[in-house]
Amino acid sequence: MVKANERPARTRKGGVASHLGLENERLVELYRTMLASRLIQDRMFVLQRQGRAAFAITGQGHEAAQVGSAAALRPGTDWVIPYYRDVGVCLTMGMTAREIMLDFLARAEGPCSGGRQMPTHWSKRELNIVSGSSPVGTQILHAPGVAWASKVRKEKAVTAVYFGEGATSTGEFHEGLNFAAIHKLPVIFFCENNGYAISEASEKQMAVKHVADRAKGYNIEGIMMDGNDLIAVYQNMAWAAEECRGGRGPKLLEAKTYRIVPHSSDDDDRRYRSREELAEWMKKDPIDRTKRYLIEHDALTEEQDEAIRKEVEELVREAVDYALGQPMPEPETALEHVYAEEVS
Amino acid sequence: MVKANERPARTRKGGVASHLGLENERLVELYRTMLASRLIQDRMFVLQRQGRAAFAITGQGHEAAQVGSAAALRPGTDWVIPYYRDVGVCLTMGMTAREIMLDFLARAEGPCSGGRQMPTHWSKRELNIVSGSSPVGTQILHAPGVAWASKVRKEKAVTAVYFGEGATSTGEFHEGLNFAAIHKLPVIFFCENNGYAISEASEKQMAVKHVADRAKGYNIEGIMMDGNDLIAVYQNMAWAAEECRGGRGPKLLEAKTYRIVPHSSDDDDRRYRSREELAEWMKKDPIDRTKRYLIEHDALTEEQDEAIRKEVEELVREAVDYALGQPMPEPETALEHVYAEEVS
Amino acid sequence: MAERSVIEAVRDGMSEMMTADDRIFVLGEDVQEGGVFRATEGFLDKFGPQRVLDTPLAEASIVGVAIGAALNGLRPIAEIQFADFIHPAMDQILSEASRLRYRSVGDWNCPLVIRTPWGGGIHGALYHSQSIESIYAHIPGLKVVTPAFPEDFKGMIKSAIEDPDPVLFLEHKKLYRSIKTEVPDEDYRTPIGPAVVRREGEDVTVFAYGLMLHESLTAAETLAGEGISAEVVDLRSLRPLDKETILNSAKKTGKILVVYEDNLTGGFGAEISAIIAQEAFEYLDAPIVRLAGPDIPTMPYAPPLEHFYMPDAEKISAALRELAAY
Amino acid sequence: MAERSVIEAVRDGMSEMMTADDRIFVLGEDVQEGGVFRATEGFLDKFGPQRVLDTPLAEASIVGVAIGAALNGLRPIAEIQFADFIHPAMDQILSEASRLRYRSVGDWNCPLVIRTPWGGGIHGALYHSQSIESIYAHIPGLKVVTPAFPEDFKGMIKSAIEDPDPVLFLEHKKLYRSIKTEVPDEDYRTPIGPAVVRREGEDVTVFAYGLMLHESLTAAETLAGEGISAEVVDLRSLRPLDKETILNSAKKTGKILVVYEDNLTGGFGAEISAIIAQEAFEYLDAPIVRLAGPDIPTMPYAPPLEHFYMPDAEKISAALRELAAY
């Protein structure tokens, strides 16, 4: 189903030295981030089942798409507008496991919303991670606005906005791409196409085969890629970012992937997809695949992998323990920050 | 600028007998409707300047696009969802000059809204002309709904929805085409591209050259045509209607045209477009062009043309006189028809 | 009579109507698999994909397409997955559905039901907890209902489907499974319009709807034990609004508490206060008190914050005690 | 002091601010050619196309893009051509702009002005006449202003532009050219929040804003000739709302008329009534009366219908006479 995109002329043959600009060390670091992302999310589901969180919505299976794309951005310079699944994006941009767990557990100290929003509704101004809401698609319109400001100030910042394929059905998607295309804004519209919007398969969202095809209506380039291939994602994103910096944006990128978990802790995905389909995709798990690639290319050994896993497990355990030890917000603080100063 | 579309295999060479299904008589009838449309609208502006109407918004210059397209529909069977400029569409579908003037002059008897809406906000249930509002684009979403009902009942009705190129920037346009495309609904999305949305040239609305290009994002056919060529418009519309009836809809049709009048009685178009540009388009006036074509093809003589003009002038005069003689709605009737029966 | 939960009552009501009239169909996100709250569970099997239509994720189109279908003879029931996501459809509801009859002087009409789960108290945070009734109950041409009991949910969804005008059918999501009461077996309708006195009382009247109606009933029960007799009026239809029942009760007790879950300022309860202050003024023995959510984005997630936000039986009881003592 | 019309005051206010701070820019439909009401006339020449941005015809994107720009350091003034066309942007205003600060516990904020012409009486019919304030003044996190005099239009647009939070700036379109009064020469601000007593009176208070404020002043003048002394309060800021000034005036006269152009039921005037009925109850000498548009789609086109719809000085005078005689 997934055809790798040919656009960036460089290929990924030729071994470790030419992972398209990714040094071994950096590759392993990204693998580690993918792993952290996975373990954090697995832990979220456990915490939810234990009754320590009311709700969990995660993106296991999307790690290559998220980490590979964010890796091509410059934290603090470029802008990201993530959506709820983007644990991997936020980790890569510099958010810590602790911070993520604080917000997941609705702790006052959580940097995203201090317990005001549902889990995984990202935000951190310092990192140029824009605060997100729950309505699907609204964030897509913010991207051309952020990029417009960068352009006006002649900064070379790229704005990457993330969303699922279901979001491409919204009016906001159209209006956002249209605006960005008219003004050639440095925006990367990054779609994590996992084939489903809750229970609805993507054929119910679009008559085109690929989200990337939607780019044609805006006279911009649409690139489709294997979203479980870390390096392909990085490659395409790095190219798109360069294009944007060179004034040749915007771009629409589509990473074909799969969520190997239900939509959320409220969802029973057996209602709408077969266990066989799931099993097929489990074989393509981006974490395993990246590990295999690294080992094949002598960038990682089994022992190193073991060590990384231990370390990440410890990191997550520490993050959860820390967050659990912090207080939830005080009731009356609910009244704060409606306006700059309180008004009557 | 306008490339005639090649799609329908038939061409318009070969004289009167093969105007692509249009007999001489029918052609002259359409010409007469175009003329009526023009004279009605010219008269509207005069009435507005005389203070007999608060407002006028008309579509002089769009007559070939409107009459040619509606001519391919079956009144009372197919559905039309017009927008404010569509005097020609409504005349062709069976609305009378009298009815149009009644509504234009806010008379109680006006079939569209009996003086409740601004002028040229069309409606007539008997003719399957759906009531329209002023917000640009909202009507586009009704088309797939109407067509869905036709499809469910296995009727072969086509639904044609009309709008300007500015409307293609709205979220509704995207959502409407997306829905229709997913379900292969018998909808013709008909864009009267006059190059401007009030003062904004179409480059401010889209990065694509042609509205028809937007079709690609939905995997449907987009057809561009010379909107001032009555027969080309008819030809494309007849083809699209056949396609829809055969289950191969929807289609996006784009008629390139020009409004040779200001946006509305409130607008001063000298602010945003040159008199030279206007003069160029005046030369392409669809009424003159159709007349020349008919005369060249021996379908019309100058004398006949004179007679038709007289007759149409008389028709319009009679319509205006009649409407002016009718009362406006009584004040208290403003309370009626909010609900089926009044509720407290 | 059988016991039914709120969600079952809605489901049964729709299912019975759809069985009887094949112009009726449901459309929305995930309705084929039963919907996130299971309102259409089993419908796909029973009615097939043409009458249980999974839509793209685009709320304006859900309502806009439903309007078109209604204009061409069908009877759509549009589901908006959460009331919080209805805003993109605002224009279609206000400018189109609610005005088609009026603007065509009755030539067209738009028989359309929009169902959506609203309200909080379920850890839904800022975007899965909103009250939207004040926005919509303000719109002429639209009807807005907020039932509180399974019997009304079933009877009113049937009335809504048969209504020749658009109806916004608001289902408080915290009631879906928490309220289970008897529902008549026969094919009945609950009319859209009349309010109903759920509990007779002498000293003070509480006006409420949705979840707050239940909290008010609990409070009234508590107060009865303290010798305070509270009348509780269920405003199950906000538009049309039953001014007669409201004014009768206001005149009877002379002390009024209006309870709503929405933010205080500009909430629909203000309308209730305003009506009484104008039309039952001479009968009032005390200020008309409103108890509602604070003026903050509705509503934060963490349990302490959510609890702080929500009006409940305890807060209602306190307000009633104060009123009774006035 | 120079005489300025309302539209000139808005234009001058924006222009002076834009000259002083190049982060400020306007965006909207047709703003480059000056806008349909000429609010940005001459701006393109003065500030260039990057600061006078013609947008596609898509209101959600006008607001959504403005939000993004505000988050990244600019100071957008978004123009919605008519208030009637703001509905597609509802989600961006309610779910995004108004909640960014709250949901990030103050980490983000959204300094954004949305200007839009509202109100009727100009033969604009159903879709060029709407009152939208009740919808938006209900939203925590948003500010909503409705000035009535050129001085306030200029002073408040400047305050709005400097405000760190989103402000919906409502300009009654019938006032644009019909009201021309003196405006101070210096660089002043009119704060967002305080109401102002436009006319002192003893017998009865009228609360109004926008066009209705002027109709109320006319009515008060008429009544003065009849020996009835009416106080007129200009509610130029609906959110925040100046409860203190409202309650002071209510307590002073004890007879209240709330006038608004919007549909009666659920209009913002209900909130004024409700506040007074709760917090000034002991001072009331008469029912709190509301005078507003009837509950029909706002508002029909034909002059007899439009006139029937609109509250005006005559209807206000009649209501005041009745109240005074109570």
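Letters A, B, C and D mark the chains as written, and numbering starts fresh at 1 in each.
The working rule: contacts are C-beta pairs under 8 Å (C-beta built on N, C-alpha and C of every residue); 3 or more make two chains touch, one makes a residue touch a chain.
Everything numeric here is computed off the predicted structure, so don't read it as measured data.
A.B. asks: Please name the chain that ends up farthest from subunit D once chain centres are defined by their CA atoms averaged.
C.D. replies: A
A.B. asks: Any idea whether A-C or A-D has more C-beta pairs in contact?
C.D. replies: A-D
A.B. asks: Report the inter-chain centroid distance for subunit A and subunit C in whole angstrom, where each centroid is the mean of the CA atoms.
C.D. replies: 37
A.B. asks: Based only on mean CA positions, could you tell me how far subunit A sits from subunit D in angstrom?
C.D. replies: 41
A.B. asks: Just the number, please: Cα centre separation of subunit C and subunit D in whole Å.
C.D. replies: 30
A.B. asks: Report the inter-centroid distance (CA atoms only) between subunit A and subunit B in whole Å.
C.D. replies: Roughly 46 Å separates the two chain centres.
A.B. asks: Touching at least two other chains at once: which residues of subunit B meet that condition?
C.D. replies: Residues 113, 116-117, 121, 133, 135, 169-172, 175, 178, 182, 204-206, 338 of subunit B each touch two or more of the other chains.
A.B. asks: Among all residues of subunit C, which ones touch two or more of the remaining chains?
C.D. replies: 55-56, 58, 60-61, 84, 87-88, 91, 95, 99, 102-103, 126-127, 140-141, 241, 295-297
A.B. asks: Would you tell me which residues of subunit D are touching subunit B in their complex?
C.D. replies: 29-30, 32-34, 36, 54-58, 60-61, 84-85, 87-88, 123-128, 294-297, 300-305, 307-309
A.B. asks: Considering only the defined contacts, which subunit C positions touch subunit D in the complex?
C.D. replies: Listed in rising order, the residues are 60, 84, 87-88, 90-91, 94-95, 98-99, 102-103, 126-127, 134-135, 137-138, 140-141, 239, 241, 258, 263, 265-271, 273-274, 276-279, 281-282, 284, 286-290, 295-298.
A.B. asks: What does subunit B use to touch subunit A in their complex?
C.D. replies: Counting only subunit B, the residues touching subunit A are 169-175, 178, 181-182, 184, 203-209, 213-220.
A.B. asks: Spell out the part of subunit A that touches subunit C in their complex, as residue ranges.
C.D. replies: Those residues of subunit A that touch subunit C are 54-55, 106-108, 113, 115-118, 121, 133-137, 166-167, 169-172, 197-200, 204-206, 266-267, 271-272, 328-335, 338.
A.B. asks: Could you please specify the touching residues of subunit D with respect to subunit A in the complex?
C.D. replies: 25, 50, 55-56, 58, 60-61, 63-74, 76, 88, 91-92, 95-96, 99-109, 140-141, 143, 163-165, 193, 240-244
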